[in-house]
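Look for subunit A in each of the two complexes below; its partner is subunit B in the first and subunit C in the second.
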Partner chain A sequence: MLFLQLLLNGLQIGAIYALTAAGFALIFGATKIFHVAHGTAFTIAGYVFLFAWRAGWPGWAGAAAAVLAAMAFGVAMERYVYRPIQRHEGSFFTVFVAAFGVGIVVQNVIGMIAGRGFATVDTPLSFSAEILPDVFVAPMLWIALATAAVLFVALTLFLTRHPAGVGLRALAQNPDLIRTYGLSSNGLSVLAFAIGSALAAPAAIITVMTTGLNEAIGHQIMLISIAATIVGGIGSLRGAALAGMMLGIAESIALQVVDTQWAEAVSFFVLFAFIIFRPSGIFGVVQTR
Partner chain B sequence: MTAFLLNLATLAAISGILASTLNFIVGYAGIFSVAHAVFFGLGAYAGAQVALLLVPDPFLACLAAAAIAGGLSLCLALPALRVRGEYFVAASLGLQMVAATLFAELKPLTGGIGGLVGIPRPEILGTVVPVLPLALAALALILFLTARLQRGAFGRTLQSIRDADSAAEALGKNVNAAKTLAVVFACAGAGVAGALYALHLSFINVESFTLDQSIQIMAMVIIGGTGTLWGPLVGAVMLLSLPAVLSFIPFIPPTEVGAVQQIIYGLAMTLLMIFRPAGLVGDQTKGRSTS
Partner chain C sequence: MSGPTIGRRGALAAGLALPFIRPATAQTTEPYVMGSLFPMSGPSAEFGEAFTRGAQVALQHIAADNMLRRPVRLQSEDSQALPQPSVVGMNKLISVDRAHWVLVSWTATSKAVAPIGDRAKTIMVNGGAVGPDLAGLSPYFWNVIALAHLEVQVMVPFLVRQRNARRVALIYVDDPLGDGILGQLRTALPRNGGELVGSFSVPRAAQQFGPVVARVRQTRPDAVYVASFGAQNAQIVKALRDNGVTQTICSYSAFGIDSLRTMPEAEGALFTSQKLDLTGAHALTSRFAADFQARFGQAPLVYHANYYNAAYLFGLLAKQVEAAGGTVNGDSLRAAMLATRKFDLVGGEGEFDEQGNMLTQMQVNEIRGQQFVAIG
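Let's look at the complex of A and B:
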């Protein structure tokens, strides 16, 4: 039964990873910006929800505020950090360092305001019930899975049916063509950041209602998003979501063999193996060096 | 006050070694490692164990540290040969996270979270010596080697790899060997810095070898100027004197000094990348290091 319990826990972690990884992959795919501050959008959304909850707001209002905050952060990053750097044809690494700097600032500001250490929001939804002998599941698990599934279907529909979504995919493949057709690549890249960052908010809310979050969680989320994007294959949204889910499950099931502190390392062994043996990932086109 | 300044100077020299060696692979070979603190840590643990178990001879400690850090740097060279850019940064991030866990968990070798304590002071021929002259000598040696390598054929090979590695390969350069050699040299240097750090503080634990430390070394290189000889040193001295300067500002509560310091690093990194991406010393007109 322990295996089933770990698998169910893994599904919940996996849903969180899949959502954040899909957001990261969407941004990276469309804009080619390696948005390492994606974990920061997650942290901001989580703490906005936490503060709203403590201030007595209803849950939906807190969630809306969290989504808006994450979107505002993503768009501000695009507008005030990435775009000025890219105007001077900044290298990948310049972008990486700038975004990392923002991550450090936000982490420490949150630490100063909210205090350091784990913070959680307790609701009836987070209480576990025994569904099978020795298997405990909280309603949050089903909410997490349903949220991930619904958002992923909505995102796929948007990218295949809606003109703006099709534009985003076109931007990913051929930015020059976008300009030729008179579409605004700037507008589309703002859209990519808005949607991608918004996807981090539900994941952050689920996290704060289950395991809790601390001010440094952004690092971990960023690493998982990068790992999932690479393992899934750069440019593939379903690859990123699938890999996020897999990493969550692998992390949780590994607990049967190793101690908790190694759970994170499991993701990195998977990532390492992929980088050495199959850098193109599960669904990616072959592209090494 | 003298003790305070001596301590600061020693730490600055050690950070200078770290920043210069990282700059060697970032600025010259275009390998963007965010795992430099791993090799700093390997060297520190190796040097500390030599001093604790054998003799507190600084040369032996440095040698062991360089050998272990240089040898294990193949963990970094391997992905560097396979992938570039984003992929490599992801791999080195992963290496950094796993190594920090290993440092915290391998208690017999690293003392776990508590770290290694009571590392004896370095002795040469039975006389206790301060670490500062040793660190300065190591720094000078590394700067000298960097300058020589950079001007020589090896340096030009590295720069051609940084700028266009398929072209370098087409010209018959052995790209894999050059990259591996650069990584081994830089990581062995970081190892020496680690051994000196352990001997200087006589206490080490995993806190000094985490991602934050790697990023701080990176910040030193970036703020000073990648691909320049003196830039990383300028960056190291600036970032190290920051806490001292901050402690003179009266309105920051002492408990928040660390956070304020981090916020300043973070802001400096972001603003520099936006407004002055070549760093303080770097040549602003020249194209910067490639992606």
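Let's look at the complex of A and C:
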């Protein structure tokens, strides 16, 4: 029964990781920008939902506000941080430091506004009931899994059927060709940031309801997103999502055999194993630049 | 009798010397520097804010009472609750700011900075960290908080005798504090007729505790002792309650913060702390409580009191040194402490031992109706 319990816990954690990793992978795949501030979009979305909840807004309105806030942050980063840097010299290091700096500033601003303490929303959705002897499941597990599944299906349909989605995939493959066909690579970059950041919002909302958050939570989410993107195969959205889910499950069921302190190290052990034995990741694609 | 006459040359020399005389005069009114090494950012920043508030009220009282000939300036450095930034901050406080007194916190960071303060003979006072090995780190490292071995020795008999909780599981942070409490529980539980049925270490940055709780549940504990700090304490409590653990949750003084007090999942949790009766007749405690409430709009908690004491103690000792005509430095402050030993502080009389550890009475608190209620 312990295995089943750990597997169910892992699925919930994996859904959170998968959503954030997919967002990061979408942005990185389409724009080649290493968006370290993706964890900050997660944090902002979480706090917006928290404020809305405390203000008595309906859950759907809070969720919508969280998604909009994450999107606004992502788009603002693209427009006012990354694009000016790329216009001048655009080195990876400058982009990295700028994003990291923004993350620290936002973290401190959130701390000043929301206080430095732990924040959560009190909801019965996170409260577990015993469904089998010694197996406890909260309604939030099913919500997390359903949310992840619906969003991935929607995203896949968007990227394969919608012209803008196809444009995003084309931007990832060959940005020069995009310009040749008269498409706006800037517009597509903004779209990538908007959708990628929006994907962090549901994960943040689930986290507020289950784990709670503080202003520093984005770092951890960011590390997992990067690991999942590499394990899934850089450039592959479904790879990142699958790897995120896999890392969450691995982190949880590993506790059946290892001490609890090694739970998070398991994710990075998986990462190292992939780097050594399969550097291209699960669904690695050949990069054109 | 004719007075001294000042010639042209004398007047000129005095005029030229004036710019140099002014700084020399100013030097005597330069403030004493009280450094603080608290986490002001990151997951434990709530503590840094609380610690600072306690110290601020103490400095307010030192100034209002004209206790010292020189003002006291609080110089804050962000430790992030991590050893490396603490070492950087401590070096700055000593080398650049020439701090006379440094308020420290966190077991790992205190251990990291203690050798620096020891070399510089700067007094370091801890009011928040409880790792048992903080006793005797250095002659210049003092504690105004009961260390973990004392907290565990109070909680374990209470659990076993008052709550009939004999089987205790421990979730502890992978850190000197967590290791220290694990060691204490291993010896204190069997001695009191209890048993440590499981111990589960978690990394400092861990955020997900559902799987850990599944392992805890397997041990069928009567109580779960949580030995972490910052936001992680609250996250563990929420994970325990959300994942079907209905047994008693207990901890040490780190539970005495607002985010746990107001969290519904923490209702009924027990924790030990120093004795602090804000409603009693003790004059300094009442003054502290009233002024803290007026300044910050909330009743003070134990951590506020600890860092009030840590900062106020500087005022008491430096006053003695000044009165004796001495220079305020680590050695003179330590000599004054050893000569006096007993001080009137918030919570009552605090008495220091040879190593600079303050001996104090303890109490067991329960989080009840979003209040900390002393129950034993």
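Everything that follows uses one rule, which is that the second predicted complex is superposed on the first by the 278 of 289 C-alpha atoms of A that agree within 3 Å, B and C clash if a C-alpha of one lies under 4 Å from a C-alpha of the other, contacts with A are read in each partner's own complex, and residues count from 1 in each chain.
Basically, a contact is a pair of C-beta atoms (placed from the backbone, for glycine too) under 8 Å apart; a residue touches a chain by one contact, two chains touch by 3 or more.
Just so it is clear, the model here is predicted, and its values are computed rather than measured.
Enquirer: Do subunit B and subunit C fit side by side on subunit A in the superposed arrangement, or is it a clash?
Expert: Subunit B/subunit C on subunit A - steric clash.
Enquirer: Thinking of the overlay built on chain A, is A:Ile276 touched by subunit B (first), by subunit C (second), by both, or by neither?
Expert: first
Enquirer: Should A:Phe34 be classified as contacting the first partner (subunit B), the second (subunit C), both, or neither?
Expert: After superposing on A, A:Phe34 lies in contact with subunit B but is clear of subunit C.
Enquirer: Name the contact category of A:Thr180: first (subunit B only), second (subunit C only), both, or neither.
Expert: A:Thr180 sits against neither subunit B nor subunit C.
Enquirer: Would you check which partner chain A:Ser91 touches, where first means subunit B only, second means subunit C only, and both and neither mean what they say?
Expert: In the superposition, A:Ser91 touches subunit B alone.
Enquirer: Per the contact definition in the header, classify A:Asn108: touching subunit B only (first), subunit C only (second), both, or neither.
Expert: So A:Asn108 meets both subunit B and subunit C here.
Enquirer: Can A:Glu264 be said to touch subunit B (first), subunit C (second), both, or neither?
Expert: A:Glu264 contacts both subunit B and subunit C.
Enquirer: Pick out the stretch of subunit C that clashes with subunit B after the overlay, from 93-101, 147-155 or 219-227.
Expert: 93-101
Enquirer: If you lay the two complexes on top of each other, which residues of subunit A touch subunit B in one and subunit C in the other?
Expert: 104, 107-108, 111, 219, 261, 264-265
Enquirer: Going by the contact rule at the top, pick out the subunit A residues touching subunit C in the complex.
Expert: Residue list for subunit A touching subunit C: 2, 5-6, 9-10, 12-13, 104, 107-108, 111, 115-120, 122, 126-128, 130, 134, 136, 138, 207, 210-212, 214-217, 219-220, 251-253, 255, 259-261, 263-265.
Enquirer: With touch defined as at the start, can you tell me which subunit C residues reach subunit A in the complex?
Expert: Against subunit A, subunit C makes touches at 41-43, 45-46, 48-49, 171, 174, 200-203, 205-212, 214-215, 217-218, 230-231, 233-235, 238-239, 241-244, 257-260, 263-264.
Enquirer: Using the touch rule from the top, collect the residues of subunit B that touch subunit A in their complex.
Expert: 26, 32, 78-79, 82-87, 89-91, 93-95, 97-98, 101, 104-105, 165-166, 211, 215, 218-219, 222, 256, 259-260, 262-263, 265-271, 273-274, 277, 288-291
Enquirer: Can you list the residues on subunit A that touch subunit B in the complex?
Expert: For this pair, the touching residues of subunit A are 34, 81, 84-85, 88, 90-105, 107-109, 111-112, 219, 223, 226-227, 230, 234, 261-262, 264-265, 267-269, 271-272, 275-276, 279, 288-289.
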